[in-house]
Amino acid sequence: MQHLLPIQYEPILERALAEDIGSGDITANVTIPADRMARAIVLAKSDGVLAGLAVACRTFSLVDHNIVWEPHADDGERIGDRQPLATITGPARGMLSAERVALNVLQRMSGTATMTARFVALTEGTNARIVDTRKTTPGLRLLEKYAVRCGGGFNHRFGLYDCVLIKDNHLAAGGGVAATVARARAETGHTMKIEVECKTLDEVREAVDTKADIILLDNMPLEFLTESVRIIGGRATTEASGGVNLSTVAAIAKTGVDLISVGALTHSAPALDISLEFD
Amino acid sequence: MQHLLPIQYEPILERALAEDIGSGDITANVTIPADRMARAIVLAKSDGVLAGLAVACRTFSLVDHNIVWEPHADDGERIGDRQPLATITGPARGMLSAERVALNVLQRMSGTATMTARFVALTEGTNARIVDTRKTTPGLRLLEKYAVRCGGGFNHRFGLYDCVLIKDNHLAAGGGVAATVARARAETGHTMKIEVECKTLDEVREAVDTKADIILLDNMPLEFLTESVRIIGGRATTEASGGVNLSTVAAIAKTGVDLISVGALTHSAPALDISLEFD
Amino acid sequence: MQHLLPIQYEPILERALAEDIGSGDITANVTIPADRMARAIVLAKSDGVLAGLAVACRTFSLVDHNIVWEPHADDGERIGDRQPLATITGPARGMLSAERVALNVLQRMSGTATMTARFVALTEGTNARIVDTRKTTPGLRLLEKYAVRCGGGFNHRFGLYDCVLIKDNHLAAGGGVAATVARARAETGHTMKIEVECKTLDEVREAVDTKADIILLDNMPLEFLTESVRIIGGRATTEASGGVNLSTVAAIAKTGVDLISVGALTHSAPALDISLEFD
Amino acid sequence: MQHLLPIQYEPILERALAEDIGSGDITANVTIPADRMARAIVLAKSDGVLAGLAVACRTFSLVDHNIVWEPHADDGERIGDRQPLATITGPARGMLSAERVALNVLQRMSGTATMTARFVALTEGTNARIVDTRKTTPGLRLLEKYAVRCGGGFNHRFGLYDCVLIKDNHLAAGGGVAATVARARAETGHTMKIEVECKTLDEVREAVDTKADIILLDNMPLEFLTESVRIIGGRATTEASGGVNLSTVAAIAKTGVDLISVGALTHSAPALDISLEFD
Amino acid sequence: MQHLLPIQYEPILERALAEDIGSGDITANVTIPADRMARAIVLAKSDGVLAGLAVACRTFSLVDHNIVWEPHADDGERIGDRQPLATITGPARGMLSAERVALNVLQRMSGTATMTARFVALTEGTNARIVDTRKTTPGLRLLEKYAVRCGGGFNHRFGLYDCVLIKDNHLAAGGGVAATVARARAETGHTMKIEVECKTLDEVREAVDTKADIILLDNMPLEFLTESVRIIGGRATTEASGGVNLSTVAAIAKTGVDLISVGALTHSAPALDISLEFD
Amino acid sequence: MQHLLPIQYEPILERALAEDIGSGDITANVTIPADRMARAIVLAKSDGVLAGLAVACRTFSLVDHNIVWEPHADDGERIGDRQPLATITGPARGMLSAERVALNVLQRMSGTATMTARFVALTEGTNARIVDTRKTTPGLRLLEKYAVRCGGGFNHRFGLYDCVLIKDNHLAAGGGVAATVARARAETGHTMKIEVECKTLDEVREAVDTKADIILLDNMPLEFLTESVRIIGGRATTEASGGVNLSTVAAIAKTGVDLISVGALTHSAPALDISLEFD
């Protein structure tokens, strides 16, 4: 599974800490003696899927490198209400100053993983993978794409840079499916796959002929999806997109598409309730 | 209303663009001629409250300073499905490269404003203000706190630095309500208000006696809230917190508390559907 | 007392080191063997109040993490000429490269603490607190506000963000004391105190009626200060400002004001003489 | 005279603005209408030498690019109480938000220029140049070295990187004046001058023999300075350092030294009183 | 062709200017009057292929926004000795301060484009594309990959993030070609192509069976390359790598491989001689 | 020899790693188990001079602080094909993710050192030092200037800030050699040397009379160089520049000039082949 390096997420935590601590934690400074030590448990407060435990715990040691932590669960694991996830030990003042940022990170990441797992569960027994989109929180894409993997989903492209995805506006400028895909093939590096958005069955046929790697079936009714999968016949990867929610995803998956992309995994997943409880 | 300065949000946009564009928008680069101009409408796709229009539109000119925009609505305004919010004009390539980041910002901010407005509507006719918390998205707190104001809510403290908020762990270390508040009063600058969390009516009485500025009534049942408000009798600002959702907020507001703080405004508001439609 | 976190001051030290070391310490590089070890004492060269010892000593380990230090005094402590403040041990080259930046930080912070202590001493026996202003060195506000606390003073607001302070230009735009304070009260979050500047006794009376939290008595003669304190009668915190120096502060304190704000603590305190002496 | 480029000082201003504005200018936001325009004069409040006018005025346009300014004086010019220095025009809100940072910069820079001019005046009629040191405010060295030039002084090295300066600890490690200077000469690039600190006349004689470019006469009594100048006889540049203040500088200058370095120019100059007055 | 956005390269220029200008251009400051205007021509001093003209010219306006430029040639164009490439006009001081950085950028980028064009010319008449590697200058990869495109080459992956490339050490850990490719296919997002390095014909056969998208033929003699192309028979893209230089590339291209990757395009291309000549 | 501090080069490595790793090393993530340990040798693949070993090895521990390294050679040392330079041990995944950046740094720095050593060898037996120029790679100047020292060369100025170098355009604006040097002498700090470019023997004579510290003999034929050295007669340092390459450098050195500056050391040195071989 995709692995996150500290050099990829520490700047996110540092900015979040600067945002929250600002000119100082004036409450902890006057109420907690500098030498007071503490122990606290990161505790699930509801059921879900865990994501971001190491990232969140790193927050504490960025505030005070004397704070250490021990994990009791793994990212990607189903967790239940009142389950202890990690133990944090160290100077109390720094633990209190870091608490909110750590939980904000962990709750969001686990919220996305949990939402992803719900979609994945509804597609069980089909070949369809649940994949994310670029509808992520500004600045947190790596964390959220990682959380989608924790929830059993897969990643679509990470940005504008790692896959060609030709949408309607590109097609309009490029002169239709065949001409635009051909031009992209000629101009783009050989490592890049080419995906093209289709809204009609005619476009789907044209896309197959151009040997697009992936065909995005945008906002199609179920019967069109089924027919598209039949037309494509394995000659391209198929992706359904648009109108996907917890009520519709199972039926979409049964049309035989390879991928179902869901913006809600990252733009509308509620935070998972997780708290820090001091001994 | 709180106003956002470009120097406060431009770095957020620049990081989001770097995250999305990375080594280049390989699709736009090969499909859109460099000199192609375009016009597009930022369009609401559902009902809600607008927040972040200027922030979002600034994204386009950061990508290409030849892109200009004209607003058709104001932040804080109720918007309806298919309502045009702004017109963007300029080089097509840059508009397509910036589109996703701009919408990600606008949809999240408007999602928070819309959620806030729902809570505010349910407290109408009472004195209770809906306020936010520090349960915000790492790195986006200023944008989200601004969005809460657009939705008719008010802001709680912005971080650990601008208000003393003594919670249970601080009380445990500080020796109870009276001693801890007194120490905070003695040590903290005169510009800082002191808020103290109370879980029992006895604590509430003690907090009033210490002349705390704000008393946080944490997770209290309705009758305790009512009784706390009676005990305090206007000698401190009262804030209800915990267990607040769209089903419970109206009853909480009727207890007479001054403030109701709601984490969900910022940690669990779904994005508002807004799109960019090219002519 | 306010506590500084490494994540708050290390970037200041890193920028100062970059500024001083630039393309390299060409003297140490050619005169000091790479493996030469050294021991040096941070030594007071005059009497004063210490501030910033840990911050300054951190400079050495940022240059070479093999340099360690042991403190012999505490911030806020009165120090005398020739008093050893800390022992620094490690590779000589790095110690010499870091020396100037470390001393620049320590001398300035201790200079501010020392100046503050002089003002505080002159108000002894009164209720007046000496407080700082926003007239701080660009980029060093946190360090200087911390130094004021070390000298026995207290902090006024840290910036434009943590207290409403309505001055003459705001009053002019806002329509006078009563209207402007009322509007600020209605629009600002409940955690923010509201201070208003008054130049006349009539304005003072108006400010009390508006229930401003703090009343700034700007550049008033002593008898006006005394009368203002009488008028306010404890219904607001009182702050004297303007024309405060070492000759006038005692008399101002005796008028009964709660706070005396002094720009000179941070904009005109001479550095305290402290040196590094190698064994 | 040394010229400052915007790319050299704008990051300093941006950090200072972030430090002061933080999560927002809550006073201006609620009291000043967004469309209110204003005009204000940057006004001297005491006599001195101006430094940093363009730098300070740039602060305003960084907050709001609609703010413009017109200078009425030049850096390096003697200014008198009540003299208008510049006119600032634009949206009132941004002008008020930027005011403090702009004045903090201008007052400090002009304070250093003014202090420098006092030292320079006392050396008139001699050949001695007043030069600065590395005892500058962390992060502001370029601004302060520029201000020294505005006051009629000259710059010593800018950091550890642009001149070899062999002090006592280097000499101890390097084996005395002759050996250390010789090694520095052999190892260092040809563009670098070599300065060596001498505490005795014997060291001075040795330094002349090694053909050091500059000889630093450290903390010498006047008669030793005079004798050193005689010994050196123009074969090296001479610099007096240590114990230099407004009472001693004239006599030191008369010993015939080429340079007198004064740490107080940058570490202990009080701010010059300058204000912003709105129409 | 790949297009570079200012937000992608301006930070590179800003760092390069900071590196070169440091504490100030002391020569221009004292020799060029502040109001002196100038006009200069960017002039080719040898034959080659142009790359980076807009990037280089942007350097001048970063130093002084009053400097403007007019291009006389396009990136990707063959240029000859003494050909004028652009005219730069504006304040002379800023033009001189920016000159070296601008030329450093332009000479390196054009050097890479020129080297690429030499390799491309030698493969004319074959189907082989010349592609770059990750052996680029730290920090300049985007500029160099763009320059390769200007020279007629194509881009391999931009980093570790946009294509799976399984090399010998990955194969060793992953259990051989078939197992490792299968695992990568199962775990990686559908947008990513999978390339696998083969050293023997047996590995090539195994790679074809695993349906790897691209097969890297590493350091193979010509006859093995030919045989590999035959075995693969169009079922995967073929890439020759290792031992490619101007003497060998033509023969390699004739083996029928699709791609020839050349590290020397970016790690060993000499700078192209280009100068700035003032009127 | 010039020493590089981690605070000077770590940001370069961090940027290079961000550039290469981007959203993640997708190959290592799916093929290398997280707990797999490895050992690898940094191995020379051709003869040359080593530079940057510590810098390159630091790359590995920036990716994973559990990776350690042991050097087997020193910077500045001649190395031969197949010579082991360092052993790297630690988690395999991080070692593979860091490999390319580490080698890119080491190959370039050693390439420059090797090229420098070739020039230095050709001047043996003369007094001429080989020196570098400002024609360095944007962002890597410190590393490259250090590499020149490793190769036996010396450093010219590091930037526009540490030596006055008056070239033709400065002379044109300043009114010729005598006037321009005199003005620079009067205006510039005493620590700065003044170098002036001369194209004719008359200019050389004028430069000697102005007591310029260094005289740059630009693009002069050998007999003019010889004559210039004779005219100057030790009264200034002499530097030959222009048209210097491996064929011409020996003859230039024999003219008696003190310095020969060579842009090719840094703008056109091919990378030295060095690899990482896993056990």
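Remarks
Labels for the chains are A, B, C, D, E and F, by order of writing; each one numbers its residues from 1.
What we mean here is this: contacts are C-beta pairs under 8 Å (C-beta built on N, C-alpha and C of every residue); 3 or more make two chains touch, one makes a residue touch a chain.
Not measured: the values here are computed from a predicted model.
Its interface matching that of D-F in over half of the contact pairs by residue number, A-E stands out among A-B, E-F or A-E.
For the touching copies subunit C and subunit D, the fraction of interface residue numbers used by both exceeds half; the interface is of the same-residue type.
Most remote from subunit E, judged by the distance between CA-atom centroids, is C. Subunit B and subunit F have CA centres that are 52 Å apart. If you average the CA atoms of subunit B and of subunit E, the two centres end up 44 Å from each other.
Averaged Cα coordinates give subunit B a centre that lies 32 Å from the centre of subunit C. Chain contacts: subunit E has residues 1, 21-26, 29-30, 97, 141-142, 158-159, 161-163, 187, 189, 192 touching two or more partner chains. Those residues of subunit F whose C-beta lies close enough to touch subunit D in the complex are 1, 129, 131, 154-158, 161-163, 187, 189-193, 195, 214, 237, 239, 258-259.
Residues 12-13, 15-16, 19-33, 36, 38, 92, 96-97, 100-101, 103-105, 107-108, 111, 134-142, 158-167, 169-174, 180, 183-184, 187-189, 192, 263-264, 267-268, 270-271, 278 of subunit A are the ones that touch subunit B when the two sit in their complex. Interface residues of subunit D facing subunit B in the complex, by the touch rule stated above, are 14, 17-18, 21-26, 29-30, 34, 62-64, 93-94, 97. Those residues of subunit D that touch subunit E in the shared complex are 1-5, 7-8, 141-142, 145, 158-159, 162.
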